[in-house]
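Next come the structures, one after another.
Next, two complexes with chain A in common: one pairs it with chain B, the other with chain C.
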Partner chain A sequence: MEENVHTAVADTLQKAVEKSQDTGWLMHHILDSRELDFEPFGTIHLPEIYLFGMDISITKHVVFIWLAFILLVVLFRIAAKSYKTNKSPKGLANFLEILIIFVRDEIAKPTIGKGYEKFLPYLLTAFFFILTCNFLGLIPYGSTATSNIAVTATLAILSFFVIQIGGMMKNGSIGYFKGLIPHGVPAWIIPIMAVVELLGLFTKPFALAIRLFANMTAGHIVILALMGLIFILNTYVVAPVSIAFALFIYLLEILVALIQAYIFTMLSSLFIGMAVHQDH
Partner chain B sequence: MVSMLNIALIAFASGAQGSLLDVNPGLIFWTVITFVLLLLILKKIAWKPILSSLSERENFIRESLEKAEAAQNETQKLLEENKSRLAKADEEAKIIVAQSKEHAQSLKTQILDQSKQEAKSMIDAAASEIERRNQEAFNSLKEQVASIAVEAAEKILRETLDKDKKQNLVDKYMKDLSKN
Partner chain C sequence: MEFAYLAAGFGAGLTVIGGAFGIGKLASSAMEASGRQPEAAGDIRTSMIIAAALIEGISLFALVICILLALK
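Coming up: the complex of A and B.
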């Protein structure tokens, strides 16, 4: 009897797992993996590396952040070199300059104000890194590293450190924590405010991480779901509709890729500004 | 017991598929390394040179604009100065012309007056001279007439009449002459 129950549970689980594996193809495109797929040309298996017992294997998303790294270094090397030869930029340098000026004048300057130059390298790097990662996910065989929560969380934690260190460098570490509590609140409310403000320090980067991750994941899932509709309904009739919608979502994703890079940088800059100038 | 293991294995297998919220520590490690390296490299090769040349160019443009504006202001000022100077010179020229006209007028009347005066005095002088000459001529004529008369009387006295008789006559003539 007991044996029967066990087999029944095992069967159900087996079925459930098999069913869930039906969505494997979808998750396969979104999740990290140990290999690079170039179907139908084959797959490249990535090396597994262990350091002090920690699994630091090269995965698909690692490859894509490296790709973004190489791309950015090469592009900016070319752009920076063109400044040495002539004063007014052309082509690539001109395009990159527009983005740099955008980050400087629309993001860093108004949100941080005085002393924004110190944070500009971090903000520019974050902006271009996220932007490049976002766009790498939109090319064929590409994968969005920024749709991995580990990547976005790491970026958010780096932002967190920059915000805290920036605040402490300006106000002193004690002055910074004192300044977290607004002036003129009644004495009995200070303990509550301290807890709330301390929590606020951590919710900010948490929101940054989740926002970027969710935005970059959602578009891909919608596109894949629209494509899956063709196979689930098992008819060609739905294909034009699916493709049209997928194309629309794809175009939307281009917009989202830009907007999310902007928002991540903008909010990081805003939080830096709040930490640096606590009095307002 | 075997089936329990089976269930656990199946559950593990389904978990191995992974979920969206799985956090891979290796990926965190690589992300930190990559991002920090990217930050350092880009700071050196890109942000510093590009941002400095950007601000350099912005300063250059601002300075050029300021210079151009200053030059324009200067030109405007010079132009206005020139204009005012020209107007002043014009005014001065007008004054000079008017003054010289006035001067010439007064000079003219003065000269005219003077010459009139001179002419008058010359005329007066001439008239008095004429008068004087007339007087002189008349006097000499009178003397000549007297001498002629004396001579004539002498002749008459010598040739014809006796002395005493004719003395009275001569006196009488003399008296007549001196009356004239």
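Coming up: the complex of A and C.
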């Protein structure tokens, strides 16, 4: 009797170890790949392009970035054209205007204050691009471009440049760095403050990149892990529970997609405001 | 002996404890403030969501490190 229990436990553990080797499917769904696969219907292999030894081949995330770009250009062109025929917006233009006014009144104006109009195009672009990329990842067969650290790092680098150039154009190149250290601090603190503030210039956009990347990836990993539980435990019984949890996490992911786009734009705008109006 | 998985698991667990603690405290004071002054509920809700996203950002830094460990 003892022997049977012992061998049963050993067998289960052995099977669990064996099964745990094939989690390649989970990473396959999250990571970038060189082919678009529409699972039962086939795959489209994307071209590999090498330029001067650099690999700029088209991958799945690149295709979805282009899709987001085309979608945004088309939608906004339609909305902008409809302003010619009726002054007060209806339909698509109305919906987009709600979002644009939200970004302008809740994000740009309170944080940047005077002179917010110059930064509004960048903030709107960032907000809508991140929102579209996040949502494209939630439709079936879609993949989240912003779950790629390279994409979020690029967005963070763009924010970094907008912040620095905005600050330097307002305060002058040297004045900007002088203004990083607040007034009225004792003289012996100034070297420490200088180092801390300079490092802070770099860590803040870095945090932006990591926050967006981790939020987008984590949601997908949780959903895939919950669905994979059905296959690992190899039983139908766990399916209703697994699907219910996965559905709940899916709805949460929609919320997180909206919130992360808002947070990225809000923090970028906050940093721009801190760089432009340094006497705060 | 592969300790990387164990370390990743511990790390993720501790991170979740810290994050849940922080966001729980934040939510409780937001609820209290909303109860005291229902007119400010909209502003409080917005600030709460911003602060929650920032706290979650920190816990997701640790999650990224745990993923790096687990993938090694």
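For the reader, a short list of remarks on this structure follows.
In the analysis below, the second predicted complex is superposed on the first by the 259 of 280 C-alpha atoms of A that agree within 3 Å, B and C clash if a C-alpha of one lies under 4 Å from a C-alpha of the other, contacts with A are read in each partner's own complex, and residues count from 1 in each chain.
Please note the rule applied: a residue touches a chain if its C-beta (ideal position, glycine included) is under 8 Å from a C-beta of that chain, and two chains touch if they have at least 3 such contacts.
Bear in mind the structure is a predicted one, so any value in this text is a computation, not a measurement.
In the superposed model, A:259 makes contact with chain C only, not with chain B. Look at A:211: by the touch rule set out above, it reaches chain C but stays clear of chain B. Within the superposed three-chain model, A:251 lies out of touch with both chain B and chain C [touch as defined at top]. In the superposition on chain A, A:120 contacts chain B only, with no contact to chain C. Using the contact criterion defined above for the overlaid structures, shared-chain residue A:192 touches neither chain B nor chain C, since it reaches no partner. Comparing chain B with chain C, more residues of chain A are touched by B. In the superposition on the C-alpha atoms of chain A, the part of chain A touched by chain B in one complex and by chain C in the other spans residues 27, 217. Within the complex formed with chain A, the residues of chain C that make contact are 46, 49-50, 53-54, 56-57, 60-61, 63-64, 67, 71. Chain B meets chain A in the complex at residues 3-4, 6-7, 10-11, 13-14, 17-18, 20-32, 34-39, 41-43, 45-47, 49-51, 53-54, 57, 60. Within the complex formed with chain C, the chain A residues making contact are 27, 106, 207, 210-211, 213-215, 217-218, 259-260, 263, 266.
Of all residues in chain A, those touching chain B in their complex are 3, 6-7, 9-10, 13-14, 16-17, 20-21, 24, 27, 30-32, 49, 54-59, 61-62, 65-66, 69, 72-73, 76-77, 79-80, 83-84, 87-88, 96-97, 100-101, 104, 117, 120-122, 124-125, 128-129, 145, 148-151, 153-155, 158, 217.
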